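We just call them A, B and C in the order they show up, numbering each chain from 1.
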Amino acid sequence: MTNKYELRSGGTGRVMVARLKSGSDLLGALQEMVEDEGVEAGVILSGVGLLGEARLRNCKSLPEEFPITDENRTYLSFSRPLEVLSMSGNVYMAEGSPLVHAHVTLSYVEGDEIGVVGGHLIEECIVFGFAEVILMELDNIKMEKRFDEETRTLQLFV
Amino acid sequence: MTNKYELRSGGTGRVMVARLKSGSDLLGALQEMVEDEGVEAGVILSGVGLLGEARLRNCKSLPEEFPITDENRTYLSFSRPLEVLSMSGNVYMAEGSPLVHAHVTLSYVEGDEIGVVGGHLIEECIVFGFAEVILMELDNIKMEKRFDEETRTLQLFV
Amino acid sequence: MTNKYELRSGGTGRVMVARLKSGSDLLGALQEMVEDEGVEAGVILSGVGLLGEARLRNCKSLPEEFPITDENRTYLSFSRPLEVLSMSGNVYMAEGSPLVHAHVTLSYVEGDEIGVVGGHLIEECIVFGFAEVILMELDNIKMEKRFDEETRTLQLFV
């Protein structure tokens, strides 16, 4: 197999530490933050906190041909306390606007057992009490997504 | 919905790479480390390793009124090998001392299946063999928690 | 209990943002990347993406005496879509070559439920569509693993 990757290097920039307040939409607040702060390239270093409800997107099937569409995806909602165990992802530009792309891992309690779910972060993940997110801006690197012929979606470094 | 957040920006500082030795308490060793090194603001960039036993805190119910107390929490213990899949969190000051706030995701094997648990990192998570934790100090940012009227707990940037 | 750790401090270096293309072996591509780029010390800041198949290593039993060997481990394979929720780990030198040590958390869908698995990243985790990995080089720190008498394996800062 030939491993293939596209790579760009940059440097570290501002580190932004945010406390999201109770009732905020996790993705919505992050999206607002990168717009307010003018972040054009960034990486999520850390995310912890508690949610009162959540909604996650996952891929349930692989298409025979690209692109992946909503027919390949499942959207599931949770209405219970969920700890944010991890938040991974980045901030890139698409068509002139900064966008947050993040995946989360969440834990909950069922009787004497801990359950864990996760997926692509979408709207309707609502902070309960607080969440702390740390984002680092990247300098001297252009993280812009453009249309990629192979996957027929927007991708970095096309 | 109005998304609400409090944000402060700083810069990158020292990066500390630590190997925790077998038998160490994961949180206890990290706590000792930030005290020994005089870290006043930081972010956990990475944590991997193996535990021989673990204890985790999760939120099982949401209070009608803040604060969240131990009545809303479950403490569960595990006595088996558990891989540390992720460690997220930060280091802040409270009442003059540095404190580590971290969440972990852990995996274990049950027959031919992999189970995953997670939660707030508390004491009694004991390293087996080794764990590697990478922490970055943050410069020019004051991460101090103070009493927050809304959540009735200590919070960042009150 | 005496907590014990070995610690070295360094500074931040280049930040490398990579998009791994469809069909790539996740570990293989990262390994190729650190060799091509001459990374001698690094930390994985973020990893998100989608896999079409995966293989993970976990520890199923603790040996009475070190070292941990393959008798203590389980290797499990998955053939389905799996979202990469988190990737943690670092890059170090062993016997003159850079090596990637990473743990991953993965989610999948089963009917109306989300399952989560994870473990030590090994070969045969195959990217579907794309994966985005952000790695930061560390400056002024020598991350070399050498034989450790206590655990009878290669360890950092021996």
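Note that in this section a residue touches a chain if its C-beta (ideal position, glycine included) is under 8 Å from a C-beta of that chain, and two chains touch if they have at least 3 such contacts.
Being a predicted model, the structure only gives us computed values, none of them experimental.
**Student:** Could the interface between the copies subunit A and subunit B be described as same, meaning over half of its residue numbers are common to both, or is it different?
**Tutor:** Interface between subunit A and subunit B is built from largely different residues.
**Student:** Superimpose the Cα trace of subunit B on the Cα trace of subunit C, which carries the same sequence, then give the rotation angle to the nearest 5°.
**Tutor:** 120
**Student:** Go ahead and note the Å separation of the Cα centroids belonging to subunit A and subunit B.
**Tutor:** Centre separation, subunit A to subunit B: 20 Å.
**Student:** Name the residues of subunit B that each touch 2 or more other chains.
**Tutor:** If we look for residues of subunit B contacting two or more partner chains, we find 12, 45, 86, 105, 116, 136.
**Student:** So in the complex, the part of subunit C that touches subunit B is made up of which residues?
**Tutor:** For subunit C paired with subunit B, touching residues are 1, 3-12, 41, 43-45, 56, 58-62, 66, 68, 72, 74, 76, 86, 88-90, 101-105, 116-120, 136, 138, 141, 143, 150-151, 153, 155-157.
**Student:** Which residues of subunit A touch subunit B once you look at their complex with the stated criterion?
**Tutor:** Answer in residue numbers: 12, 14-25, 28-29, 32-33, 37, 45-48, 50, 52, 81, 83-87, 105, 107-109, 112-114, 116, 128-130, 132, 134, 136.
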